[in-house]
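Presented sequentially are two complexes of chain A, the first with chain B as partner and the second with chain C.
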Partner chain A sequence: MHKLGRSHRDKVQQFMTITGASEKAALQALKANLYKRYKDPYTDMILVDGITLLCNDIQVDPQDIVMLVLSWHMKASTMCEYSKQEFFTGLQALGIDSLGKFRERIPFMRSELKDEQKFGEIYNFAFGWAKEKGQKSLALDTAIGMWQLLFAEKQWPLVDHWCQFLQARHNKAISRDTWSQLLEFARTVDTSLSNYDAEGAWPYLIDEFVEYLNENGIISNAQSMTDWSKK
Partner chain B sequence: MSNQKKRNFQIEAFKHRVVVDPKYAERTWKIIEHAIHEIYNHNASGLSFEELYRNAYNMVLHKFGDKLYSGLVTTMSAHLKEISKSIQVAQGALFLEELNRKWNDHNKALQMIRDILMYMDRTYIPNTRKTPVHELGLNLWRDYIIHSGKIQSRLLSTLLELVHKERTGEVIDRGLMRNIIKMLMDLGSSVYQEDFEKPFLEVSAEFYKVESQKFIECCDCGDYLKKAEIRLNEEIERVAHYLDVKSEAKITNVVEKEMIANHMTRLVQMENSGLVNMLLNDKYEDLGKMYNLFKRVPNGLSMIRDVMTSHLRETGRQLVTDVESSKDPVEFVQRLLDERDKYDKIICQAFSNSKTFQNALNSSFEYFINLNSRSPEFISLFVDDKLRKGLKGVTEEDVEIILDKVMMLFRYLREKDVFEKYYKQHLAKRLLLGKTVCDDAERSLIVKLKTECGYQFTSKLEGMFTDMKTSEDTMQGFYANHPELADGPTLVVQVLTTGSWPTQPTITCNLPTEMATLCEKFRSHYLGTHTGRRLSWQTNMGTADIKATFGKGQKHELNVSTYQMCVLMLFNNSDMLSYKEIEQATEIPTSDLKRCLQSMACVKGKNVLRKEPMSKDIGTDDAFFVNDKFTSKFYKVKIGTVVAQKESEPEKLETRQRVEEDRKPQIEAAVVRIMKSRRVLDHNNVIAEVTKQLQSRFLANPTEIKKRIESLIEREFLERDSADRKVYRYLA
Partner chain C sequence: MESKTIDFERGWDHVYKGIKQLRRILEGLPEPLFTSGEYVMLYSTVYNMCARNPPHNYSQQLYDKYREVLEEYITSTLSPSLRGKRDEFLLRELVKIWVNHKVMVRWLSRFFNYLDRYFVDYRSLPALNEVGMTCFTDLVYREVQTNIKDAAIVLIGKEREGDRIDCSLLKNVLDIFVAVGMGSMERYEDDFEADMLRDTGAYYSRKASSWIEEDSCPEYMLKCEECLKKERDRVFHYLRSSSEVKLIEKVQHELLVTYIDRLLEKEHSGCRALLRDDKADDLSRMYRLYCKIPRGLDPVADIFKQHVTAEGTALVQAIGAASNAPGVQEHVLLRKIIELHCKYMAYVTDCFQNHNLFCNALKDAFKVFCNNTGTDSSSAELLATFCDDILKKGGSEKLSDEAIEETLENAVKLLAYINDRDLFAEFYRKKLARRLLFDRSANDDHERSVLSKLKQQCGEQFTSKMEGMVTDITLSRENHAAFEDYLRSNSAAHPGIDLTVTILTTGFWPSYKPCNLNLPTEMIKCVEVFKGFYETKTKHKKLTWIYSLGTCNLSGMFDQKTIELVVSTHQAAVLMLFNTSDRLSYSEIMDQLNSTHEDLVRLLHSLSCAKYKILSKQPDTKTISRSDYFEFNSKFTNKLRRIKIPLPPVDEKKKIVEDVDKDRRYAIDAAIVRVMKTRKVLGYQQLVSECVEQLSQTFKPDIKAIKKQIEDLITREFLERDEENPNTFKYLA
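== the complex of A and B ==
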């Protein structure tokens, strides 16, 4: 019986005694119960209401970034809905078979954001998850929301300027390449832009952003020049 | 012990039984010594060569070679000392003459002595490795005469003084100089160099330093160059006449350095006479002189080239950015052609057609032509002007020459695709309005463009010509099939293939009934033979010839645009029409209608209509009448055809936008081509390769290329490499 708490173990035992099922099956049944709790009455999916209920149960705000991490574990294709498959994948990945377990896993999921590698995966996952089904690009508002959420965890000082810039100058959807390259940019280029390489094959939008920072005196020009000695 | 000795026969040389008289050697020597004295005293005629030769021979034979040789040295030295004295006392000009004479004497004497002592020369001397007689004679001359204290410096200064005299214009005895110099040369190249050439070069350098300084203060550039050339030639001639030929390069170097190299910059930059002035005033001769002289010194030509280039670039830049000249495109281009002709001539006549100068010319033109973004448009307008009227009466060869010159300017353009766009527009107008004066010239230019830029560039243009021809055939077919229409208005339709012609918005208007039915008949005829095609009438591009009779019976044939025809035909049914009525009836777009009415009511000599009120502009409340008082000298009157004008600002922007739009797919195609063949390539190399591929059409902007790459990533043609984000991979 892996990692079952005392009361939980009792329940499972109870279940097994009553139904005469194996441990594994018992666990499966418990998971299925969870699913049934949240699934939409008319479709075989968990929709907004179900998710709200879930959030309630695990005492997490639906806007909390941990929901993103959860969705990542589930490999959910789009936000605000989980298929049956996705739900079970998530539970499996996290080793959850009860609400209690669920709640216990929350701190773990938060900690995953601190892991550089995982954060990268979650960040890149977020693009596909947040965008509209059938669209290639991510709507600007959603993108900005996601960035603010994500960079609150990772601390990129330029994130506000970035969002302001986009609203003032770009006003269009964000491509996948721009999304993923932005993380690289945030990771590798320091906030004074001293190691920004104008020939560094950054997406055009990011080049424009650098220009914007220079124009508005946010970064002084001298600092943003390429340091040739570092090449 | 018996040793059998072998006794060989020995044959001994027959020895002359000569009495070896102890005084023999001395006696014999005295005979020879006496002979030498006589020879030096010009008394050789009394001597017997045979006897002397025999005596010398015997001395050597009897091993008295040493005595003979040392005697010779002593005797000759003594004579030379005497000779030296006699030369030293010579006064003034006689010094050199005396030297020369004594040298000749010495040579003659030496020859005779050498002949006498030939046996010694050939046997004793090689064996003892002593100096041969002739050489000995020269060395002794050198030591006792030339290097004698009293003669050496005097000789040098005399020679140098004579050279100086000649340089200042006096005549000197060149023959004497030649002999003396030859003497030095005969004494050995080191003697010539040390005792004459080196000091000569030093003194010459000093001389030319002073002279060049003097000249440059008081002469202008052209004069200075003349003087320098004269001096240079003088020195060359001097060498030819009396110096060693090897000195030529050395002395010319001196002149080149002192007169040219040291003053190069100052000469070139001389105000009012320097290089720039020469270029401006086509001073071919002076320029040629400068070229030939500067060619001789290091960096001379590159200095000329650099000054020419920067001057040309500046002139060109001013020409091209001058607001006034931009007002008349034909003038603008003509000035460019003239400028190019000017420099071509300069390079041909003065700079010996040097390739490097040609290249400098080309790069300068390329630089400033592209400073004005309207250059492509203007060149097209120039061609348009020529093909419309400028080539009437010009011979075929001259036509080719003009077109070739235009092609030269074309090659300098970086934005060739902009030229193509304008050319297409202008060509379309020319073809449709029948404005081409010279069909051969049109085609010739297309061929030249094709040779320069490839088939792709001209395929659409050729399509336009084909359409015109095909339309002719179609019209013939139409009238053949409809003989009943022969009496009505003559219709001429040009069917244009959409892809080949510049895109035009399709605007139709209401044609007069007769025309409308005729057009319909044509449409059905055409579609009958070409199913699956769609025809749209371009009423904004046509023309019409109308016969009109005015109030006093004057008849005229009017050549008008289609729009104008529609308006005029209305007056067959009404005497007066208001603007609004005309607008309603014809449905011509407002701005076109206004221009159309203006050209018929407000232009002197073309006012077939009368307008109330008689203002210059067309107002929406105006009323129009036929102008019964219309008169014209000519029977045929042409009214306001649309000429290819310089674009207005909004049109210009539009064309530029379209060009930019057209470039995007070309850039993408280039990126895909490159990535497909390379599979993996880093960002900077992609930019470089794409720019290179598109060079012949336009200069690709790296930022634009980057945007296209991102678009291709978006559409999953490419991806970034997972390890290095600056590298792209092609996705099959």
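== the complex of A and C ==
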């Protein structure tokens, strides 16, 4: 993870020669520079402007799901801001000490979403990250936005119906339990709902969703689902 | 005893003479019986031949001779007489020779008795009577056993067909089967009973197959009862008692078990028809016949349940379709349901001996239709209204005390079938409050008796609040006496108006909206005086006044005559405004009174648009609008001196249902926590069923509601899902 590229190595060497510091310390200093670049002038945190600048630097859209993965590595507590600690944690975890490195790691971060286990962790992390500080539940609009983002990666055919259903019938915030159980639902229950256990401990909202699908005759269209999902 | 050795030949000679004499006696020849002296001689001879040291000890030889003698006797005398005989004759002859054989063995054993005493045990040989039995078995029994078994079974068959047979003969024959077993019933069971049972089975199978075609259910059942009785008699008269169970089981199987479906389902006379036609005797018989058969009653109970459910459902639908006035309809419905309940309870008690299966069948049936009244009101509300109608004044004055008690008792029984018991409690409490506060209760004893019946049925918690309400009324009366004393001793404090205050303990009584009505000064003074009195009694309690529940007697000075008006406190407040103003607009009244629009409209309507127009309204329309004007109607009169101006109560139904729903959410929450606290880890299905169980006394919880509460508890971090298995929950301490 800490293999230095040629030009990079040179820079570090330079730094070391000039300052007489160890390699490790040199790397730390480089990371600190990065932080200084993005941090807010008035508080010891990276805020929206800093994040925008970062996205620019690494050539990633701020709405890109990669930012979620990044935040996950940072163990960020809430979206749109990174504390100093969180920033450094992220850099450490990803082995980043320069912008070049940063850019290089983007594909890797994208690939992590394909890993079933990691996707689950990122998904569950997203709840805490996306909700308002101090709230227990996630606002519906934010939740829907997150779901559309996440399930674009994972390809769950029923995601649009789920969002429509919530807007039509629920209109309230989403609990953590519902959030995490939805992933289970998307993973384990097939699109024709043939293996859905109505007597099971699925959250109430998911039971309602199934009823909604049945009422509106969506389930019989399960066949066309599979084609449609390959957009 | 002479003690001399004796030569075998000589000794045996003597004994053998005695044996020959015995045989002649048995044959019935004129032979004198043994004298005791002769007997002693024979015994002693044997003794002498045995009680010696070898070589003069002839025990073994004598033992062998004993057997020889018997065998010889049997083969020469007994067996021949059996040959060529059949059927009943064979049986008779067998019994005769058996008797003879027994006598022979008995006497011989007496002669050879000394062998039994020592030799037999010493050599571990069979005792003499055993030897006797074995000889008979080997030489007689084995040859004839099949024939006598068949002959016996034939006789039994004849008896079944109605012929008279010689019972004592059969009994004696069967005694032989038993005796031959030598202590075990094996011979009786294997050589006779097995085939007898098989034959019985075949016999009844034939009979049943033709009876089931020709006979009606009651007729068939009568025949069964008779057959069973006859078989029991058979056991009593000649079969061994150990056969009874197997025999009855066999008969029951062929007659009742094999054809149970056809019998019960017979179209015009089967179980359903019997219930329809109230054939109590036949149903009792059906119960008697099937109660001993394992699972025999299950189909009967099932049909019973279906029948009662159908009757109840039809009843509910019929009354729903009838075009009576709403209140009457529901009253009739409940009375009819009670009648139905009494009718079928009688069946359960009388015909079905209070058997668990039938008690439960009745319960299940009633639960089905008691919860679907087909009207807007839930059955819980209907039942509460029904009780209220009986308990309030003018409700059931025509009925005797006993009849009232009985009706109330039956009504309470119905509560067991209603799911929403907590809803009933709330409605009942509301209506009880009205009865108590407006003095509408007909009879204190009945009120108390209903509460105690409810307590018995539903537990103490169910009725604790209601009992508190009744107590409050009693205490208030006492309190009032004290208040009057207070007024007497403080005449200056007297407000000038007679005042009675009822004090309600919060929590017992339903919650009432507080109101901020402006009272007339006269009333305010009353309130102050009472407050003063109350503070002398206790400083710890706070009084909140609920004027909406009060009544007031006003003197209406009309032109023609003064009429006493019995009105609610609020109505009185409105009327007394007209003591100072002749004419008031709606908004003026509103301002002065500080009421809500909703309440004011009701009040004004009751005083100006209803039966008694105490106020005249401009314009004289049927409804109250905010632009109306009101005047005291001095022209009003009535032939009565005293009239009550009713104020229709607000419909509290919606609020009651909401309150109960809220309470249920708390109850479910508490139940889940209780269960999880004990179990720590539990699967979803089990958690739900344990909650339902815990709450079953009060109401039947909706599964969705339980699910919602579980999720709420997860959010509040009381519970969490197990990581491995999301269907399992863990309690977070």
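The criterion applied here is as follows: the second predicted complex is superposed on the first by the 217 of 231 C-alpha atoms of A that agree within 3 Å, B and C clash if a C-alpha of one lies under 4 Å from a C-alpha of the other, contacts with A are read in each partner's own complex, and residues count from 1 in each chain.
Note that a contact is a pair of C-beta atoms (placed from the backbone, for glycine too) under 8 Å apart; a residue touches a chain by one contact, two chains touch by 3 or more.
Just so it is clear, the model here is predicted, and its values are computed rather than measured.
K.L.:
First (chain B), second (chain C), both or neither: which does A:Glu153 touch?
P.N.:
neither
K.L.:
For A:Arg176, is the partner it touches chain B (first), chain C (second), both, or none of the two (neither)?
P.N.:
Once the two structures are laid over each other on A, A:Arg176 reaches both partners.
K.L.:
Once chain A of both complexes is superposed, is A:Glu112 in touch with chain B (first), chain C (second), both, or neither?
P.N.:
neither
K.L.:
On the A-aligned overlay, A:Glu211 touches which partner chain: chain B = first, chain C = second, or both, or neither?
P.N.:
After superposing on A, A:Glu211 lies clear of both chain B and chain C.
K.L.:
Mind sorting out which residues of chain A both chain B and chain C touch, each in its own complex?
P.N.:
Overlap of chain B and chain C footprints on chain A: residues 136-137, 175-178, 181, 184, 199-201, 203-204, 207.
K.L.:
Note which residues of chain C are touching chain A in the complex, please.
P.N.:
684-685, 704, 707-708, 710-711, 714-715, 721, 726-729
K.L.:
Which residues of chain B touch chain A in the complex?
P.N.:
Touch residues, chain B against chain A: 682-684, 703, 706-707, 710, 713-714, 720, 725-726.
K.L.:
Which residues of chain A touch chain B in the complex?
P.N.:
136-137, 175-178, 181, 184, 199-201, 203-204, 207
K.L.:
Would you tell me which residues of chain A are touching chain C in their complex?
P.N.:
136-137, 175-178, 181, 184, 199-201, 203-204, 207
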